[in-house]
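Both complexes shown next keep chain A, but they swap its partner, so chain B is in the first and chain C is in the second.
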Partner chain A sequence: MTSRVLGLSCHYHDSAACLMEAGGIVAAAQEERFLRRKNASGFPLHALNYCLQAGAITVLDLDAVAFYEKPFLKLARVLESHLDSWPRSFGSFRRTMAHWLDDRLTLPLSLKSRLGFSGRTFFVKHHLAHAASAFYPSGFEEAAVLTVDGVGEWATVTRGHGAGNRLRIDSEMRFPSSLGLLYSAVTSYLGFEVHEGEGTVMGLAAYGSPVFLDRLRGIVPSTPDGGFMLDRGWFDFSGDGKMYTPRFVEAFGPERVPGGPLGERHCDMAASLQSLTEEILLRLTQGLRAQTKCESLCLAGGVALNCVANQKILDSSGFKKVFVQPAAGDAGGSLGAAAFVSHALWGHPRPARMSPYLGPDCSASRIRRVLTNAGLDFRELSEKELCRETAARLARGKVVGWMQGRMEFGPRALGNRSILGDPRHPRMKEIINERVKRREEFRPYAPAVLAEAARDFFELEGDSPFMLFAPRIREEKKSVLPAVAHPDGSARVQTVREADNPRFHRLIASFGELTGVPVVVNTSFNRRGEPMVCAAEEAVAVFKESRMDCLAVGDFFVERDGN
Partner chain B sequence: METRLCGRCVLPESAPDIHLDSQGVCNLCRDHEKRRPEAGASRLLESDFTKIIEKHRGRHEFDCLVMCSGGKDSTAALYYAKRRYKLNVLAFTFDHGFETEEALDNVRRAVETLDATFLTYRSTFMRDMFARLLKSGSPAVICHVCAIWYMGLTYRMAERFDVPLIIAGWTKGQMTSQPVLTKCACNLAAPEYARMGRATKDFLAGLKDDPKYKDFPGSIEEVVARAQKRHKSLVLSPHWFLPYSADEYVPVIEKELGWRQPRLSYPAKTTNCALNFISVQWALKHYGYTHYHVEMSKLIREGLLTREEALEQLRADFDPELLNRIAGPLGFRFPDRTGA
Partner chain C sequence: MGIKAALARAAQRSADVMRSALLSAGLFVVYFLGMGLTRALAVLFGGRTRASSFREDPAWRPAEGYDSDEESCLRQS
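This part shows the complex of A and B:
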């Protein structure tokens, strides 16, 4: 019986691989973590090698490879969009075609030449892969499914329905009407990097007022079916130049130079964009709720990483439960393509619950060697001691690098590749920024809270295990958690269940025992501009080159001199 | 004066090729440090290995010839070839008369368990050369001379059975960037091998007047060049492409193939032939380090071994009786405990 399928997503941004066997997710990882280059977009050789080794198989044992889009359909869209803006798009056309003629159109041949794989290859439509990545591991028997991103082949938004192993797309919105591209265009207008700065803009939004919302509504009018249109006079998605036109700049003022000062106008623009995004998503989800009558919603696509909008959907769309896949962006397409083949085509049972911990682990012997060779003094501790020691340091205001178990799949650090701090400390955000992260001052850090105590601190119904919702901090707790409170009173919460991550749960519980607050600051373990650490060597390098106080890697605890 | 060791790896200062800086770190470690940012991107991957083997699978009587010494690394390579990559294997063992029964037993158990076709070759051809090397006092490295012989022999066997791939059990510590043996093997021009390489070449050049060895290759490069003219076999080791260390594969071969660690071997935790003790003693005398120091230093740089572990495994304090018992058949006797 066909059982093993390798899902791949690549050639745009954030490439990744995912191995599924008999319906279970064996491993998944993003290529950037291995190449140490953020949003690496090339063929995910390192990630797929890791996935196969995690499954104790080689490429020769695979029954199929599943790719997260249909390349010829996508090429048609790319060609048409270049033709639309010809001859202005000539330069972009030349550059783009060089990539297309490389190996995008000949994946089976490429798999043979790169890997020695000559088995079956499936091409799953981009948004169907997103939908599958959200529905199949959601744990919902039946759900409405919404996918929203920049663009796949032609689709930018799809609405669908899943039940059991069946998944169908009922309707789609098409390029160039794209909420993802709109968000990216304004992100670049505000001087942040596309595919990287969208989260920053979401954070910036809380500092502004949506004074441009009406004008944005004017250029993104709604349609009778609950969707929207993008007025092409304001945007240019034809190539690799600016995504907004001079008309946009005339209307909203000069674009911000990357790295330049941030003013009130920039904050207001971010707030306006965020409000419009929430409006559109609410309209879409409310329509989907009315249409499907489902109580559960699955969300995927890059826009589903917008945790502020997700919270609005959870609060106001009418759906009782919302599942957002932790790698909701294009990396998750690898999971979706594999899941579609595994469940829809081969009929394997669906997993009961998805774990985000699908990446590489690091053995104790390897960690010991890395620490020894780095010349660091360390202690090997039991889990109980490790959690107590770490919690004690956190309670004293120390910053701890925490690398445990398998790496997270998706952009969020969820307690296995995390930098931790004390959320009660009013200056903790500044301290983490000064010592390691060097992020923009306005960006918030997220709290990780024991799931059983979440409601005591946050206005949250249900779980937020993947840090993809941003509920409000309870009024009476705002003064308790100054380090994680955003100006709008929200926080991007991760709820931690013992069953999902026993060690991280134990650490937070230990911190709670010491302080009465079972919450820690949790941000990704990396330096600015770098991907999250993957291997122990990288964790040690960040520790050595930063001013982090402690490092807990596996069972080993390291303290910087003088702590 | 005591030789100074690099503070990071286990190589000693050895003019003119290995030198320590003011912080006590050798030039090889410094070079490695400079290359480090690209390490992730340039690492060999298992898919590189499968890509190669799939080009050759099923086109010949045997897909590959696996060089089996009975040690952990070559036994694991045989295991991978049969079980992981499902190749049709010709297992090949050579014995120059100094292989241990424990090692040969390991090979026999492995090929029986894996049901591999097995070819063994025993020869006394090299004995006179080893004797001549010792008696001449040449600083040539016995293991290097032996490697030239057994690689030539292995290529001939691959030619004889028309095998396209030769699989060795060389570790990442035995890998260099220069593809001397068509993607593998020691780079004798590298600083850590330069003096040893020159001495071996000089010694072999002096053998040309001996009818028995007049056609013996003068270097490993010559072995490869000759082999490539006759039969193009590609030589590679799965260990270079896999992320696993001996810690991970030794328990597997112990459990599945009944592999056993010999009581006595150098370095610790290896399965090298008896003559290896003499080769090590000889290299330590002439250079202050051996090719094992080179290998383990590389493993340290890759994070696969600590300096302390390496120093422990490399401790050489051989019983003179043991050395003389091995050297006896070569008509050589070590003068005392300390000198060779």
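This part shows the complex of A and C:
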């Protein structure tokens, strides 16, 4: 019986691998964590080797490989886009085609030459892989499915429906009408990096007013069912140059130089873009709700990482439950491709609930060796002591690096590769920024709260286990959580259930016992511009080079001198 | 040994340069002749590329090519 499938996503951005066996997700990880280069896009050799290792198998034990798109269809779109902007696009054509000829058209050959794999390779359409990544692990028996991203082969938005092991895509919108590309275009106009700065723009939006919303609506005409188009006079997605035209700059003012000062106009532009995105997403989801009559919605695609918009969908679309998979972007395509093969083609049972902790763990002996080699004094503690000691330091305003168990799959740190702080401390955001993260000061930090106490602090129905919703902080609790409150009164919440992450749950509970507030600040364990730490060596390096106060890695606790 | 390695490196470098030059030349021909001709024909006969036709029509389209049988999933297109 066919059982093991390795899902792969690569050659665009954020490449990843995922191993599934008999319907269960064994392992999944992004290549960037191993290469130590953000959004690494090449063939995910390290990630797939990790997956095989985690499954205690070799390539020969795989029944199939599943890829997250159909390369020939995508190539057709790339060629036609270049044709559309002929003869301006030669530079981009030359660069793009070199990549295509190098590795993108020859995946089965690459698998054979690099891995010795000569079994079957399935090619799952990009948005079908997104849809599968959201529906199959959602736990919903039946759900409407919406995928929204930059672009796959041709599709940019799809509407579909899942029931049991069946998943169907009903309709789609196609390139260049793309909400993801629109968001990326304005992100680059605002001086932030595409694929990296979209979250920053979402954070910036809360500081501005949507004064450009009407003008944006004018250049992105839309229909009541969520359909929209991008006016070609304003945007250019034909090559790898600027995604907006000189006309856009004339209308909205000069683009911001990366790293340059941020003014009111930039904040207003971010707010206008965010409002338009929310408007379109709400129309899409309300339409889908009316069409399918489903109570549950599964969302995927890079746009589904917009937690502020997700909250609006949860509040106003009519769907009672919304599931967003933790690696909603293209990395999650590896999971989606594997899940589609496993459940739709092979009929394996679906998992009851998805854990985001699918990456590598670090053994106690290795951690001990790393700490010893680094010349750090450490104590080995029981879980109870570790949580108490950490909670006590947090309550004293200390910044703690917290590395435990298996690494998270997806962009958010969910309590296994996290930097933690006290949310009651009015300056905690600045302290974490000064000591480790060095992020833009307007970007918020997120709270992790015990799931059972979440409603006491936030206006949230249900769970937000993957930090992909941004509910409002309850009015009476705003003064209690100054470090995580965004100017619009929202917070990007992670709700932590004991069953999902017992040690992190215990730590927050210990902090709650000490302070009466079972909430901690939770941000990803990394230095600016680097991916999240993966191994203990990287956690120790960040600890040593930053001014973090403590490090809890596995059962080991390290304090900087003078604490 | 040192000289041999240096020679091998130099040979590899010139092979890379040659390969890159050939690739550029090939892509130049494909782009300006092949695609240029296609473009000219499209203009002459009033045809449109799919990219431009989609741009002018924002409506939803029925989904195509999302079949969920093994045979279609084995295809790259």
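Keep this in mind: the second predicted complex is superposed on the first by the 561 of 563 C-alpha atoms of A that agree within 3 Å, B and C clash if a C-alpha of one lies under 4 Å from a C-alpha of the other, contacts with A are read in each partner's own complex, and residues count from 1 in each chain.
Assume a residue touches a chain if its C-beta (ideal position, glycine included) is under 8 Å from a C-beta of that chain, and two chains touch if they have at least 3 such contacts.
Please read all numbers here as calculations on a predicted model, not as lab measurements.
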Which of chain B and chain C A:Lys293 touches, first, second, both or neither: neither
Partner chain in contact with A:Arg174 - chain B first, chain C second, else both or neither: second
Contact breadth on chain A, by residue count: chain C or chain B: C
Touching partner for A:Lys384 - first (chain B), second (chain C), both, neither: neither
Which of chain B and chain C A:Met97 touches, first, second, both or neither: second
Touching partner for A:Arg547 - first (chain B), second (chain C), both, neither: neither
Partner chain(s) touched by A:Ser81 [first = chain B, second = chain C, both, neither]: second
Contacts of A:Arg120 with chain B and chain C, given as first, second, both or neither: second
Residues on chain A lying within both footprints (that of chain B and that of chain C): none
Chain A residues touching chain C - in the complex, by the definition given at the top: 66, 70-73, 76-77, 79-84, 86-87, 90, 93-94, 97-98, 101, 107, 120-125, 128, 154-155, 158-160, 166-177, 221-223, 225, 227-230, 232, 238, 340-341, 344-345
Interfacial residue positions of chain A with respect to chain B in the complex: 34-36, 45-46, 48-49, 52-53, 58-60, 112-118, 363, 365-366, 368-370, 372-373, 536-537
Chain B - residues contacting chain A, complex: 8, 37, 40-41, 43, 45-47, 50-55, 84-86, 242-243, 245, 247-248, 300, 303-309
List of chain C residues in touch with chain A within their complex: 23-24, 27-28, 30-32, 35-36, 38-39, 42, 49-52, 54-63, 65-66, 68-70, 73-77
